[in-house]
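We just call them A, B, C and D in the order they show up, numbering each chain from 1.
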Amino acid sequence: MIIVMKLNAPQSQVDAVKERLNQVGLKPHTIEGVEKQVIGAVGNQNLSLLSGLEIMEGVEKVLHVSSPYQLVSREAKEENSIIDLGGVKIGGPELAIMAGPCAVEDYEKTSSIGHFLKEQGVSILRGGAYKPRTSPYSFQGLEIEGLEILYQVAQETGLKIVSEVLSPSDVEVVSSYVDVMQIGARNMQNYALLKEAGKSLKPVLLKRGMACSIEEWLMSAEYIMAEGNPHVILCERGIKTFEGYTRNTLDISAVSLAKQLSHLPVIADPSHSSGSWKLVPSLSKAIISAGGDGLIIEVHENPAEAWCDGPQSLNFSTFQNMMSQLHPVATALGRTMPELPKKVKGEK
Amino acid sequence: MIIVMKLNAPQSQVDAVKERLNQVGLKPHTIEGVEKQVIGAVGNQNLSLLSGLEIMEGVEKVLHVSSPYQLVSREAKEENSIIDLGGVKIGGPELAIMAGPCAVEDYEKTSSIGHFLKEQGVSILRGGAYKPRTSPYSFQGLEIEGLEILYQVAQETGLKIVSEVLSPSDVEVVSSYVDVMQIGARNMQNYALLKEAGKSLKPVLLKRGMACSIEEWLMSAEYIMAEGNPHVILCERGIKTFEGYTRNTLDISAVSLAKQLSHLPVIADPSHSSGSWKLVPSLSKAIISAGGDGLIIEVHENPAEAWCDGPQSLNFSTFQNMMSQLHPVATALGRTMPELPKKVKGEK
Amino acid sequence: MIIVMKLNAPQSQVDAVKERLNQVGLKPHTIEGVEKQVIGAVGNQNLSLLSGLEIMEGVEKVLHVSSPYQLVSREAKEENSIIDLGGVKIGGPELAIMAGPCAVEDYEKTSSIGHFLKEQGVSILRGGAYKPRTSPYSFQGLEIEGLEILYQVAQETGLKIVSEVLSPSDVEVVSSYVDVMQIGARNMQNYALLKEAGKSLKPVLLKRGMACSIEEWLMSAEYIMAEGNPHVILCERGIKTFEGYTRNTLDISAVSLAKQLSHLPVIADPSHSSGSWKLVPSLSKAIISAGGDGLIIEVHENPAEAWCDGPQSLNFSTFQNMMSQLHPVATALGRTMPELPKKVKGEK
Amino acid sequence: MIIVMKLNAPQSQVDAVKERLNQVGLKPHTIEGVEKQVIGAVGNQNLSLLSGLEIMEGVEKVLHVSSPYQLVSREAKEENSIIDLGGVKIGGPELAIMAGPCAVEDYEKTSSIGHFLKEQGVSILRGGAYKPRTSPYSFQGLEIEGLEILYQVAQETGLKIVSEVLSPSDVEVVSSYVDVMQIGARNMQNYALLKEAGKSLKPVLLKRGMACSIEEWLMSAEYIMAEGNPHVILCERGIKTFEGYTRNTLDISAVSLAKQLSHLPVIADPSHSSGSWKLVPSLSKAIISAGGDGLIIEVHENPAEAWCDGPQSLNFSTFQNMMSQLHPVATALGRTMPELPKKVKGEK
């Protein structure tokens, strides 16, 4: 922490600042410039008690030097963290492809989508059972029934499951069904939920909030890790900007930056960020090119009749086509795509 | 809902769209332009099932005509809603002034601030007991102990209390201590919390999310009202923009607009939106001039030593000065300020 | 300028930074912390040559302490600057009300609007002769013919004229007709135009760019002043944000802040920022309450048939009504409104 | 254009709207819903005269159906436009790599950079001779001397030249030296400059403004094409958002979208959008993966001593490394990279 004093601030004001720093246990050092004095304070503790420093008399500016996150930081752990879901690894050389419908609608449709995705080499099935909807009058999800359906499809196909949790009191039940709990963009700063997810050891997919800076995103991951759960996957999904052609603006730089700043795996969601299936294949290629460790993509057998987010869902044929485009790009980047399941003799 | 078909879309595609509308119970009407056809659909139900309409073949654009909120809308209720906290009214001609520290720090400081504010004509004391903090290492609030302190100061002073609730499971306990539960900006789309607050009858102060549109804000109010709680106060507190001089950008137009679109009371928070006490007096005057029904302002006896948000807190003297500026402006606008408490003989 | 070195950066890297500072004429001072070293550099010259400093080896961060604007800064000149247009003063106790149509359409309409505004106490007529339009197919303005019309109406009414200039080569002709040259939001960083306007002594109304920070806005004013023209009026007119209900988001804090940071007069444009005439009266009251020195407002006799920006134009009756609301607010703020012209006996 | 009338608007109001449409030459068609009437208007002319329509009595909403750009639209021309700079093609299968220093500093450095880039397979040299700088006190560019240097290096190396033009009066001189005139982000809505560039036949690189929507960007390209110059290259370079870790937010979706909406070539600038050389390689791969036709990248022999934008400049070694990463990705995408120059025998 560096405190810049105003031009010709009297010594008494400098002393008051130094005393305040001493009070909370920081050691002040002064540099005497020709006109301005600068005070450096070493230490990281109790910084939240010092918000008032910048309005002490004689203080021109307070500058923070250290990054506020610790456990999630690459300085804390140099090598990449790899989250292992019983054999399916996120953050290693193999890209993680998560796909599925926006919402779980019923068993038949979910099972059909699940089997299709399995054949395409997808290893993780996404599907909303608890849905955060802007309108109280929109479909709110099948809740436990939806989790049961996902679980059944997982048993049939061997797919792993990722699904959203909306409330601290649902963490226990959701984590008993899924392999990865998703905390959605709207809940990225729902600290009660973050803490509860941190008390579990279930992997957490943490989506970036639509108005949240990269630093705030990493701080929310820090909340989960600080409670004891190191299994966090970061997911960029677009931020709010003035541009209206897309639903949100995919912050592709955030994918690269999060990889540089943190050891955690980073994936991105081209479906929610764009709001348009026509952009999903090119954005998916861009995300892995920027260093992303995987993708989470909406797929529906019949998007025109999906109960939510139809316009951004790929159908089976456009998804298959996209996967075939991703393969050579992954190879060019030195990454691998999930292997296709081996077909038993006689299968077509 | 209006569906614009592509140039020369064949009749079969038009028919498919009309059939889909019929399926979910909407009545389609067609207008034949020279080149393009337009289909109007009357009805408001099941719209969430129709997200996929815009990707049906031949469809160029889908346009929504009706506003998605109903109970909060001024069309639903023409006269202003007034929230009555046992005599203190929000939304009537008298402006509601809520003030107090960012966080409840201890009894002595809270009591001292409370008595000061009471003398200034403030009728509602704000103070955080549960604090949503970006960092897990920052002070997280005194929790129940903080509520106890607020309650005690309320008993002593006659002030009403507003304090934040962070989790659905805390709604019961928080609402047993306070007169108004605050749902903060970070939780504006925490639907589990909105629903729980909607099941209570305790008034709710709903802050606008930093990346949330005015429509999304009204939809979150709709969540609370749809559960049966009509006592909602809207609070603008700044949105995220590229401007870095201020902590957020106070959307002053949102204050005026929310009053036009909804019958609910609308207040604003000049402290959090600006992040700087030097802007609070002028923004406060602007907020009431734009039609705001009140203010929520951070005040601390010694902002330089506040445990959080010191830079945006007024001290006693700057608050007093601001109140004296607000009086003539309120009068000019045809509004009244809360009456000062009558002094007993012998008091100075 | 403060350079924070990385943890345990070797002395050779510290020396390299100090040498680079010496090279461009700055004097480095070092502070030795327990773990990190910090170098302060005194001086303001050649800073633009130092952009590369932050990527020198061992450098963690470069922090700028001084504000980059000088002539426009309140530190440079403590008292308010007042721009005097032959008796009509901007920046003094009297508020400046500028009003008129978006575009000059023809003599009759302009004259009719001018005479109406004169009676309402307006002292400056706005009207676009050169129009910056998003589409090349939209009406581009009457150009010189428009200036002639404005000049004629000014002669008839005694109103002063403000009108936009789009190109450096038009500065001479526009400034020969108008009392204030407007530089629009889209041209706020058109440095060729700023320099040309700076070579004139004609007052300049500098609108803030829609994506420009307050600092960038003041830097653009600095361009004009650095060329020798001290007569700059700052005008806030809304920034681009995600909110779509309004055309732009009026940054009301920027009005207060610009008054604190600079000695120049600051006005705002409630018409362009909101895009809706229904918001103009309340925003106008908010602007002057926030410390604005005046307003620039679109008024048209028949907004429904205006050639541009009809939806944000007040008509005669709504403008008159707004003026009557502004009077008491101005008085409450200790400001005055322009006096109404004295009527000659016998006039109604 | 579709006009939605308010619930139960009387026939007289509907008739007034239809009359207004007829007045400007549009043909109205009415659709009678059960409760609301909708009027469709066919035709595209004089739309700018109709801004006032939405405030006519009884009108609820006016919806625009057609895109406002025509010449730049892919509907107008299905196949990709290819800009041919004497053999170097932009918009075809081969990616266009433009690179060079932010500013031309002197002949020696520019020549050294030019020869290095030539060897790396770059075909177009970028370099600023006229610099738009936020501060009037920053280095403003060598102007004509800078153009002379670029021209000389082009002669020596066979590289094509792209350089920025800031003012309409400089279009003639700049276009006499360069192969592509750049119009920068700050001038994207400098219509006087766009028109002047449109009167030339010199190819124009049009950067997207930092607060400009994709539609506004295409409209600015339309300005150039409407004047008769079809040789426009679109360049995404980041938009202003709340995120502060990067200088701007690269809108990767805009690259894909612009390719879908328009036939013009689309490139992007990873240097200015990120502000950090460490992000340039991964963003470059993302840009071409998203469908970009090329890149414009800042390269300097010694970024720490560059006169501007050092932190975002690659040095020779990081540029070379990036090029080697781009090759396999280009191949995977079915694109080609520029061929390396054949070495004469005896060269190392």
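Observations on the model:
Assume a contact is a pair of C-beta atoms (placed from the backbone, for glycine too) under 8 Å apart; a residue touches a chain by one contact, two chains touch by 3 or more.
Note that the structure is a prediction, hence the values are computed from the model and not measured.
Matching CA atoms, the turn from subunit B to subunit D amounts to 180°, rounded to the nearest 5. Using CA-based centroids throughout, the chain positioned farthest away from subunit A is C. Inter-chain centre distance (subunit B to subunit D, centres taken as mean C-alpha positions): 40 Å.
Centres computed as Cα averages put subunit A at a distance of 27 Å from subunit B. Taking the mean of the C-alpha atoms as each chain's centre, subunit A and subunit D sit 31 Å apart. Looking at subunit A, one finds that residues 211, 239-242, 244 touch two or more other chains.
Against subunit B, the residues of subunit D that register as touching in their complex are 2, 4, 27, 29-36, 38, 40, 42, 60-61, 63, 65, 240-242, 244. In the complex of the two chains, the subunit C residues touching subunit D come out as 20, 47-49, 51-56, 68, 132-139, 166-170, 186-187, 189-193, 209-212, 216, 219, 222-223, 226-227, 239-240, 277, 302-311, 313.
Those residues of subunit B that touch subunit C in the complex are listed here as 211, 213-215, 239, 241-246, 249-257, 260, 273-274, 278-279, 282-283, 285-291, 328-329, 331-333.
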